[in-house]
Amino acid sequence: MSWLAIGALALVGIAIPLAMIVVSALLRPAVPESGKKTTYESGEIPTGSGRVQLNIQYYMVALLFVVFDIETVMVFPWAVMYRSALEAGVPLSQALLPLLAFIGILVVGLVWAWRVGAVQWTRSIRAATQKTERQNT
Amino acid sequence: MVSASAYVPAIVLLPFVSFIVALFGRDNLPKRGAYGGIAATAGSLALSLWVLVSVRNGAAFQETYYTWATGVGSQPWGLTFGALIDPLSALMLVIVSLVAMLVHIFSLGYMNDEDERDLPRYYAGLGLFTASMLGFVIADNLLMAFMFFELVGLCSYLLIGFHFREPGPPSAAKKAFLVTRFGDYFFLVGVVAVFTTFGTAAFAGTESFPALAEAALNGEATVWTPGGLEVSTWFTIVGLLILGGVIGKSAQFPLHTWLPDAMEGPTPVSALIHAATMVAAGVYLVARMYGFYVLSPTTMAIIAFVGGFTALFAATMGVVKRELKQVLAYSTISQYGYMMLALGSGGYVAAVFHLTTHAFFKALLFLGAGSVIIAMHHNEDMWDMGGLKDKMPVTYWTFLAGSLALAGIFPFAGFWSKDEILYEALIHGLDEPLILGAYVMGLLAVPVTAFYTFRMVFLTFHGEPRSSLARDPHPVRWNVKGPLSVLGVLAVVTGGINMVPVQKVLGIEGIDYLHLWLDNHWGGIEGLSSHHYAELNPYSSQYLFGGEVSTVLAGAAVSLGLALGGLALAWALYNVADPAEHTDKLGGLKALLYNNYYQDEFQVWVADNTRAVAGSADTFDQGVIDGVVNGVSSVSLLSSERIRRIQSGVVSNYALLLTLGLTTLLVVFGLIGGWF
Amino acid sequence: MVPPEYYLVLSAAIFCIGLFGILTRRNALYFLMSAELMLNAAVINLVAFSFQWGNLTGQTFALFVIALAAAEVAVGIGIVLVLYRNFGEIDVLNADSMRW
Amino acid sequence: MSLLLQGTATDWVFSVRALLPVVLLALTGLVVFGINSLRPDGRDNKLLALTSIAGTLSALGVAIWYLLAGTGQPTHGGAISLFSGAIIVDGLGLFFTAIFTSVATLVIAASYDYFETDANPASFYSLLLLATTAMGLMAVSNSLATVFVSLEMASLPSYALVAYLKDNRGSVEAGLKYFLIGAVSSAVLAFGISLVYAATGSLLLPDIAAQIGSVGDLNGVLGVGIVMVAGGVAFKTASVPFHFWAPEAYEGAPAPVSAFLSSASKAAGFAVGFRVFATAFQPALDIGIDWGLLFGILAVVTMVLGNFAAATQTEVKRMLAYSSIGHAGYALIGLAAITAGASATNATVMGAAMAHLFVYGFMNTGAFLFIAMVERWGVGRTFEDYAGLAERAPMASLAMAVFMFSLAGLPLFGGFLSKYVLFLGAINAGFWWLAAVGAVTSALSLFYYSRVVKALWLEDATTDLDAIGDAPTGLYAAVIVAGVVTVLLLPGFGPVIETAEAAAAALFA
């Protein structure tokens, strides 16, 4: 029965905004004009496209971040059981070595990404011109 | 003494070696591969003769050479390669290697002297073709037979399409390949079914599938059948499946359409295909596993009826063809129809007999046609020929011998074998309406055969030359005349190997050599004798006119009479100076020979009407049968067009279809399994 | 304690929402997010039934699924990037040059 | 030879030795990264290719050695179970590892020429090696957790490989489609696994099998889960209705990648499918979850769709893509013909499907690599463009003819025997209708395969073929080797089928 109150609340919660929208739609006069359809830009008249192209490097860094973010997820269960495993007499070769191998593989990947220039902030001509274009508009 | 059995694989390997040599030797070879091929096939022939002799001395054997794989599981199966040398295969080996050798020699004249290019490829194909047919002949189990059967089909594809730069040959090659392949898929399913049913595909021995099938029908053994089907019904189905491959390869109705098109190949190849290899493979296969087929009366009747129908149907179409090789093509279909008729009506020996004689006289006719084509500078239209009799006597006389054999005129080879087929069909058919129907069709085909054969002979060799080419033919050399002469002699005398009618009428014992040969008189493999087959076959013999002798005589007289009738009609219509203007010439003669006028008028009427019948058969063939074949392929292609439209290119649609598919599966299997 | 069937219903609902997103969205990134949603539905099940069955298998596997989801996004973003470079936008409907 | 059998499952040295093929592949991948890290600007194409080939070949060698020595097989102490049963090294795993590593070797040899001008081939080789590693893991996964992880590990590099030509719209589009369908499919698979876990409380395959009998009311949940897991397998094997990515991915991807995906990746999907369904889900057949029929239907639809759609293609590569779908249908027979309790026939038909995948690995890889060669020559993609190539490249064209005829199942090459044994096994198990559909679609397949041969050998060139001057060593070697193996697999089919059937029999024992 305790769910009934929540259900009622949810119903009311959905009904009220719906009712407000419906009532206002019924009451308000419909005067379409172009100014109403433009994007709201804090009173400024909007110019140019709404889409901004970010430098590709943002994504490269983001990707690397995601990859190393995963590492944390994987290390987490290991950290939880490490102490108890050692106490239970599990040798280090089984408790620590796999994790070191795991991190070692990641390091190889990171070093490679670094060396081939994935994290280098390139200053390509195209990026530079795009930057000037953005500043000019 | 070394036994011949040790050299049996060499019979197959020799032509294969010539194939390899021609393939890699390319243009460095003497005569660009021809000599190698001749040497190899001559070697095969010598070994085959030796094998024949040793089988005559009782050295038939079966031997497994190689085991591919053995299965584990509920039903162990073994895939093996081996040789089965018994009277039947020994005889066939000789036929195949002999014809192959003659074709190789002939090719020297037909291909080398004509400066064809790319000849190593040609000889490589011939070598492989011969090798695979020989391998097929010695096969001791169905799977091995199937593999070589397919190889034969592939080689025919390569050889028919030899002149691939012209428009016709590639499509003819493809058609031959695909149509026979279509039948072969039934064959494949049949092979699989045989394996599943019996656990073996061996032809001979107590553990062979014909023996097991026989035991199963007698209740002495149990075999697997799908869904607990009646054993005999299942055997019929399996037999028919395998028959699919036979009908495709042996060009029986309705899968015969590839064969006339296959005339696009070089003429020696046609000779090989028609006489000894590809087309013969189908009939040979039925003979090889005859012990299985005789167990199923339904299959036997179907074989007989298809054979008889094909014999008549193809013969009528032969009447209206203009090209020399086309006529021969339809005659091949028709003659193989006779063999099927013989097999279906219990005439095992008769079928093998006809297979033998036909191999010789059809090879002869094709090589003769090749000779004519050389002479005519590769014009094949008979209406452009005429009068070649005096200019190429060797070709003429040998061709004539072959034609007489084909037409079944006494005492040429074809007479004896065809007569025995009709005789077998008659005595077995008196109780079986289907066999009797097949017999009648076979009998009707006799005069038609004689008619078109001699129409061909007269148009080609007699009368006046009808073109400048025919007035000044290109001469041919020894390498053409030699094979023709050998085959010409054979076409005359081969009938002597099986003088059954003479034996029966005159009571001379022991001159039916082929009967004795196939009956393991000189030793053979247990269970593969014609005697054994005769015991198994479902027919009883009935005789007309109160006795065997009179039936033999009556049958022979009727068929010979009909053949002579056909010949006479052809003579009257076409053995004239200028057959095309036949009717106009009549006007000048009518005052003088009034009665003859009527006779001629009658002949013209007969000619017109035969023409109409034959023409409509031809139309039926081109329109309906070809149409069905083409229809199946266009329906497949059309559905292909439809099916591939599912792949719309839009990934959202894929996701939608994927979801729908998954949902459907979930709902269907949920309902079936009662998950909800 | 919440009965396990409720989790099944919840996860099925989330799975279907994700599926709905995949079927209706044209933007590749939304497509990606919807697929992640579907994976999360699986994660809910795993965690809930890990609790239900009293073993840690499900929870551990849930971590793996999360990790793989992240890796999948990484590869996916890379592909979306090259898509943008070649097609000038990330509308999945525009890449339809190969079909039938 | 049996030194591997000593040691305990928890000893990590023992684990490494048991998993040596996979470990070797992973190490090679890392070494390739290492080489590239040391010399990021040096284009060491040859060094990288040789390193990669050395890795795949040694992994192949070890897998074959283990197979011959009986490691993990019933004769030598049975399957080796590692990591609390999550990984199991047995005949099936080693057999499939042999397939993956053979295909990978051929593909790398071909890529050496194909990516000759590529700016950074190291990433290609390492992606390929890592994908192969993951496939090796798929073949030895004995838990749904490792199945999912390794399947994703194989998929992620594959997406990148398909989209490898970053400036080629076709390649990118292919990658996008592959990735999007793959994301959906992996979500479906994960959801399916979670449902199976919900019903049985375990992810280990043998434990699932033990629990299935007592799921009670949850059999509906289990059923939905099993169908969804089947969906994941269908995605990896490119079977209907999860096949939609395949034609585009195979067509758009660089041809060596297509070869890799359509041979190795497909085989990996079957490795997972065979093990999961034979080990874990077999008891489900008794409680109204008839996944055998499910795969039967999928097999029929897949065979029909793949072969029919291939019949009227105009581009050779796309035709091969569809034919690859059709072959997935044939291999699915190995799953469809499984019936509860009939362990002998089950082993026969599954072994036949494995042997078919083995032969298929060579003939299909070879066919795609031939296309890679043609792409490298820049000749064109349609059948017309292939006309007359035999004049310029007779050996390669001969090999291509061998592949086509073998794929069609002509009885001169390995493809015949494997297809034959497969149909035989299906009929033996009572599924004659599967064999019948297989035979009919094979008949159709000959039509479109022979079109290629006809174009190569029987038609005159329509385009200018002067560009075909060079004979790329690696590509040529790969194509010829694949062709020779395809031919040799006819006489040498015995050991293959025997190994495969023994491996399958161990699964059902």
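Labels for the chains are A, B, C and D, by order of writing; each one numbers its residues from 1.
Keep in mind that, in the parts below, a contact is a pair of C-beta atoms (placed from the backbone, for glycine too) under 8 Å apart; a residue touches a chain by one contact, two chains touch by 3 or more.
It should be emphasised that the depicted structure is a prediction, and the values quoted were computed from it without experimental measurement.
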Chains touching subunit A and subunit B alike, please list them.
C, D
With respect to inter-chain C-beta contacts, which pair, B-D or C-D, contains the greater number?
B-D
Chain centres from averaged Cα atoms put subunit B and subunit D apart, in whole Å, by 43
Let me have the rounded angstrom distance from the C-alpha centre of subunit C over to the C-alpha centre of subunit D, please.
26
Indicate the whole-number Å distance between the mean C-alpha point of subunit A and the mean C-alpha point of subunit C.
15
Measuring from the mean C-alpha position of subunit A to the mean C-alpha position of subunit D, what distance in angstrom results?
35
Two or more other chains in contact with one residue: find those residues in subunit C.
19, 22, 60, 64, 71, 78, 92, 95-99
Residues within subunit A bordering two or more other chains
none
So which stretches of subunit B touch two or more other chains?
644, 647, 649, 651, 655
Tell me the shape of the graph of touching chains, choosing from line, ring, star, complete and other.
other
In contact, pair by pair, are chains A-C, A-D, B-C, B-D, C-D
So in the complex, the part of subunit D that touches subunit A is made up of which residues?
10, 12, 30, 33-34, 36-38, 40, 120, 122-123
Of all residues in subunit C, those that touch subunit A in their complex
60, 63-64, 66-67, 70-71, 73-74, 77-78, 81
Given the complex with subunit B, which residues does subunit D contribute to the contact?
176-177, 180-181, 184-185, 188, 219-220, 223-224, 227-228, 231, 240-242, 244-245, 247-248, 287-291, 293-294, 297, 304-305, 308-313, 322, 342, 344-345, 347-348, 351, 405, 410-412, 416-417, 420-421, 423-424, 427-428, 430, 432, 435-436, 439-440, 442-444, 446-447, 450, 454, 457-460, 491, 493-494, 497-498, 501-502, 505
Subunit B-touching residues of subunit C, taken from the complex the two chains share:
19, 22-23, 26, 92-93, 95-100
Which residues of subunit D touch subunit C in their complex?
144-145, 148-149, 152, 156, 159-160, 163, 166-170, 172-177, 179-180, 183-184, 186-188, 190-191, 193-195, 197-198, 201-203, 221, 247-248, 251-252, 318
